[in-house]
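So, here's a batch of structures to check.
You will see chain A twice below: alongside chain B first, and alongside chain C after that.
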Partner chain A sequence: MSLPKRIIRETERLVSDPVPGITAVPHEDNLRYFNVTIDGPSGSPYEGGKFKLELFLPDDYPMLAPKVRFLTKIYHPNIDRLGRICLDVLKANWSPALQVRTILLSIQALLSSPNPDDPLANEVAEEWKSNEQNAIKTAREWTERFAQ
Partner chain B sequence: MDAIAQELDQLELETRGQQEATGRGLLTPQGETSSAWKPDNVPIASSPNSSGYDMTDSLDEAPIDLRTLVYVSIPEHLNCPICQLPFINPYTTICGHTFCRTCILETFKSPLGNKCPLDRIELNYKEDRQETEEKNYNDIFPAPIILSNITDDLQVRCLNASRGCKWIGPRWSIKQHLVNSCDHTRFPCEHILDQGQVCGQLTERRFLGEKCPHELFDCAKCGEKINIVTEEHHLKNECTKNFHKCNGCNLEFPEKTFDSHESYCEKIHVRCPGKQYGCEWRGSREVLSQIHSSECVFVKLSGYFELQEAKMNDLVDENKMLKSQISTILDSITQGKMTNLGYSLQLEEIMDRDRSTDPSRLFDNLQEKDYIQLMMEFEVLKTDLNRLRSLASEFELNKQLVTALANENIQIKDELHNQTAALSSMRQQIQFMLLDRRRLRSKLIDAEAAPQPKESSSSGRFTNKL
Partner chain C sequence: MATFTDPLDSITDPSDWADSSFPNLSKLDSLLRCHICKDFLKAPVLTSCDHIFCSVCIRRSLESDKKCPLCHEETYESKLRKVLLLDEISSWFTRNRPELLDKHRPTANNTPEPVAAPEPEKPAVPLRYESRKKRAAEEPLVECPVCSTFMSADELQTSHIDSCLANKRARPSPSRPVISSFFKKERTPQTQPEFVKKKTKITNLDPTISTNKLKEKLNYWNLPTSGTRHQMETRMKEFISMYNANLDSVNPVDDRVLINRLMKWEGTYSLSKTAGDTEEDGAQWRRKYQKEYDELIKQARANMNRINTKLDSTD
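Let's turn to the complex of A and B:
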C-alpha cells in the first residue's frame, strides 16, 4: 500500500523543521518506522542524556496512535524495563488530530515531570514516592551509564 | 520479587527474540491488518513506471483522488487537522471545528468514537441519515459554502506532472483538464492489430491518431526498432547515434551523454559568477578559471555582497516580525483591550522584553523610568496637597469663628460703654439729687432749728445710708 500523503507531509516537516532536542528519521526501507532520539530536558535528572526510541505508524494511522518505545534504559516511574511508555495520548486519549511531532513533545514533557501516581514501573514509582532524592539520584546515574 | 524479575527478564528475552525474527519488535502491528485508513476515492491504478492519470472506465466513472494532488502553495488554515491537506468536502462540528467529511466520519469509527478530535467534545451523529433527521441530531453539518469555494480555488499541479504536463489551475477544474484536455492522460489504444485483436495498451492522448502508435519502425539514427511512444525516450536516453554538437569544443556527443559533457566541457561559454552583481563578462570556462576569476572585481566582492544580502534578509525578516507585532498591538488598541494587548504576556513583560533585546533603546528606557518616578512623586504630592487642603478648610472655619467672636466682643464692649455711660449719668443725677437734698436740708435746718430736733436725726440717718 502506498504511503498516505499525511505521513509524507509529517516526515517532511520533521526533517525540515525539527523540534528542538528531538530528531526523528524514517527508516530507509520502511517509511512508517522512525529512529527517534530525545535529549533529556534540562532541569530534569535526564539532562545531558540522549535517549533512543523507536516509533512505528500502524496501517490505520492516524486513526490509531503511533507505537512508541524507549530503546535506551531509563529510570522513570512511567516507563518500564521494556521501554513501554504509560502516556494517555498514546492510548485512550489518542486523537487523529495529534501528530508524531506532538507525541514526541509529550514524551519529552513526561521526562520533565514524572508521575509516580500513575505508575508503569511499580518499584521505581515506590522509590519515587518514598525517597524522591534517592530516586532522582538513581535516574541521574542511569542517564550517565546508559544514555550517553 | 526475584520471581517477578526473572519473569520480566524472560519477557524481555522473548521480545528481543521476536524483534530479531520480525525485524521490528514490539512495534510490528500484530493482528491489526484490518481495513487500512483509506479515503473515499480510490485512485485508478496507474502504470508502475510513470505515475499519472489514466482513463480506463467510461467518462462518467472517472474518480480522481483529490488527496494525491500537489498544491502550488498550501495556506495552513485551510488544512484538515486529520489528513493535513486542504479541506475536501468540509464539515463543521457544533464546537466550531472543521474537518473533511471522510476524515471526521472515519474518526467516528476509530477508538476515539463520536468525539471531536480537537477538543474531545461528544458529538451526536448517526450514519443513517433518516435517523439523524428524526432525532434532530445535527452536531456535524456542512461547513459554510465559502470554505469549499476557497479550497476548490486553490492552485494545483496536473496529476500527470511526472509525465511532463506543466498545467497549473484551480482544484475544481482538475477533472475537466484531465478528462478533456491533458495530453498526458492515458487511454487504452483502440487500434486493431493484424491478428484482429485490439491493441489495448495505455497510451497518452498526444500519441493517439490515425495510425496505431505502437507500430514499430526503425530509428533514423541507429536503426533500432522503436515506436512513436518510445521515440522521445529513445532519442534522449538510449540512442547512441543521436549526436549533438557542443558549442564550446565543437565535438559531437550522443544526446544521452550531452548533459554530463556540458557540465565539464572546458571550452563551453559561460557567464561570470559575479553576473548577478553586474559583471558583463562571458567566455569559456577555461579562461574564467585561469584569468577572469582572479581579475574580476565582482567575483572578489561577491563574499562581501553575500554577507550584505544575508544581513539584509535578516533585517527584512525582523522588520516583518515587528510589523506584525505592531499590527497586533494596534488591533488590540482599537478593540479596547488595553490591559493585555492580545499577547499572552502582560504589557509590562512585553515592554521588559523589548528593553532587554534592544540596547539602542536604553535612552528611551531611562526617560521612561524617570517618567515613572516623576509620576510617583507627583502622586505623593497630590495626596499631600489634599491633606493640606482639608487642614486649610479647618483653619478657615476657625477663622470665621474667631471673627464672629470678635464681632460679638465689640458688640458687648459697646453695650458695656452704654451701660457705664448710663451708670455715670445716673450717678451724676444722684449726686445732683444729693446736692439738692443737702441744700434742702440745710434750708430746713435753718427754718426749724429748735422746734423739730427728731426729724433731723431721722434725715441724718438717711444721709448716712446713701
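Let's turn to the complex of A and C:
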C-alpha cells in the first residue's frame, strides 16, 4: 500500500528537523504508526521524565485527526489511566491544516498547563482542584517512577 | 528508511532552500503551498472566509466538516471561487523550481566560502548558456522579440538577434520559452480552455441513494463498480471532488486522466484492500506471539487462583 505524499513529507521533516524535546519514529512495518517520546517540559511536575506515546494516522488523515495515546503512566487531569488524551485539537478542533508536529507540540503544552476544569481523569482533576500542592507532588513522583 | 527513497525525489519542502544562495525563497515556497496537502497549490480556490486551498483538498475536507481548516468559520462548497492567476503562478513555480534551486545551489559545496565564487568555465557547456547563468543575478534580462528567450540586453544586441532572425524561418530553437510563447498566443492569461465551460460541476452524492442508482452513476462516469457499497460510495465521492476540482484548474485534464488518478488514490487507501487482509494479519500475529500469549494466560490464571484462594481464606 502506498502512502499519501503528505505523510511521507511529514515523516521526512519529523526525522530531519525534529522538534526539541520530541521524537517521532515511524514503525518499520506500518509507516502510519509512530513511536513518540516527549520530554517533560521544564518547570512542570513532569520535568526530567521521558514519556512514550503511540501515534496512528488513520486512512482519512488529514481529514481525520491522528490517534494519540500515552504509553507511559502519567498523573495528569486530562490524561486517563489508559493514556487517552483530552485535547481539543485531537477532537472537535482538529483541522487538516494541522499536522503531527503541531499536535505533538500541543500535547507538550498540555503537560505544562494541566486543565482540571475539563477533566478526563476525574479523581486526578479533583485532587488538582482541592489540593494542587499534593497533586503536583504525586505527578512528580509518578514521573520519577514511570517516566525514566 | 529504504521505503522512502523512491517517492522522496518528488517530495519538496520549503527547507530545500535553506542551503541555497537565496534562502529567502523558502518564504515564497511555503506561501505557494496548500495548508491541507502541504504541496504547491493546484487549482486553488478562495473560501467565503478568504482562505485559499487546492480545490480538491478543500472539497474533500468540507465533505467531512463544513468548516474552514484555517479559521474554523462555516464554509460551503458552493461558495468556493477559483483563482486562475494563482494557479498560473503556482504551476510556474512548480515547473521552474528545480532549475531555480539548481541555479541557487551554493557554488562550492565543500569549501566554506559563501556565494558567487566563480566556477571555472566548463567547455562542455555552450558558452551562451554559461554566460547567461553567470550574469543572471546582476543584470535585468530582456526578452528576445523573436524567440521570447530571456537574456542580457548586451547579448541580445551583439549576437543573438541576428542568429535568431536567421534561424527563425528554418527552425526555431527548441528551448522552453518558445513553447511558452506559443501558448501565450493560443490562450489569454487567466482563462480556461473552451471545453471546460461546457462542463458543469457534479452535485454531491446523496447518502440515501440506492445501491443500484449508485452503480448507474459509477457506470455513467466509467468508474469500476467493484467492492462493497461503502467502497463504491467513497470512490464516487472522491471522483466528484476530483472532477469538480478539475473544473477549477487553469489547465484541466481529460476525464480519463482523472480516473487514473482516482485509481492511484485508492491505492493509498486501505479501503481498497479487503477486510480479509487484516484478519490474515491477526492470524499471523497470533501465531508469532503464541508463546507470549500462552505465558500471559498462564500468569493470569495463576493470579486468579491466588486471589480466589486468598478470598477463600479471608472468608
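Of note:
Here is the rule we use: the second predicted complex is superposed on the first by the 147 of 148 C-alpha atoms of A that agree within 3 Å, B and C clash if a C-alpha of one lies under 4 Å from a C-alpha of the other, contacts with A are read in each partner's own complex, and residues count from 1 in each chain.
Just so we're on the same page, contacts are C-beta pairs under 8 Å (C-beta built on N, C-alpha and C of every residue); 3 or more make two chains touch, one makes a residue touch a chain.
In this text, all values refer to a predicted model and were calculated from it rather than measured experimentally.
Contacts of A:P96 after superposition: both chain B and chain C are touched.
By the touch criterion stated above, A:D59 is placed in contact with chain B and with chain C alike. Of the two partner chains, chain C is the only one that A:L31 touches; chain B does not reach it.
In the superposed pair of complexes, A:T11 makes contact with chain C only, with no contact to chain B. The contact surfaces that chain B and chain C form on chain A in the two complexes overlap at residues 1, 4-6, 9-10, 59-60, 62-64, 93, 95-97, 99. On chain A, the positions that touch chain C within their shared complex are 1-6, 8-13, 15-17, 26, 31, 59-60, 62-64, 93, 95-97, 99. Touching chain B in their complex are the following residues of chain A: 1, 4-6, 9-10, 30, 33, 54-56, 58-64, 67, 69, 81-84, 92-97, 99.
Within the complex formed with chain A, the residues of chain B that make contact are 8, 11-12, 15, 24-29, 32-37, 67-68, 81-85, 103, 106-107, 109-112, 115, 117-118, 120. Those residues of chain C that touch chain A in the shared complex are 1, 3-4, 7-8, 10-11, 13, 15, 35-39, 57, 60-61, 63-65, 67, 69-70, 72, 267-271, 273.
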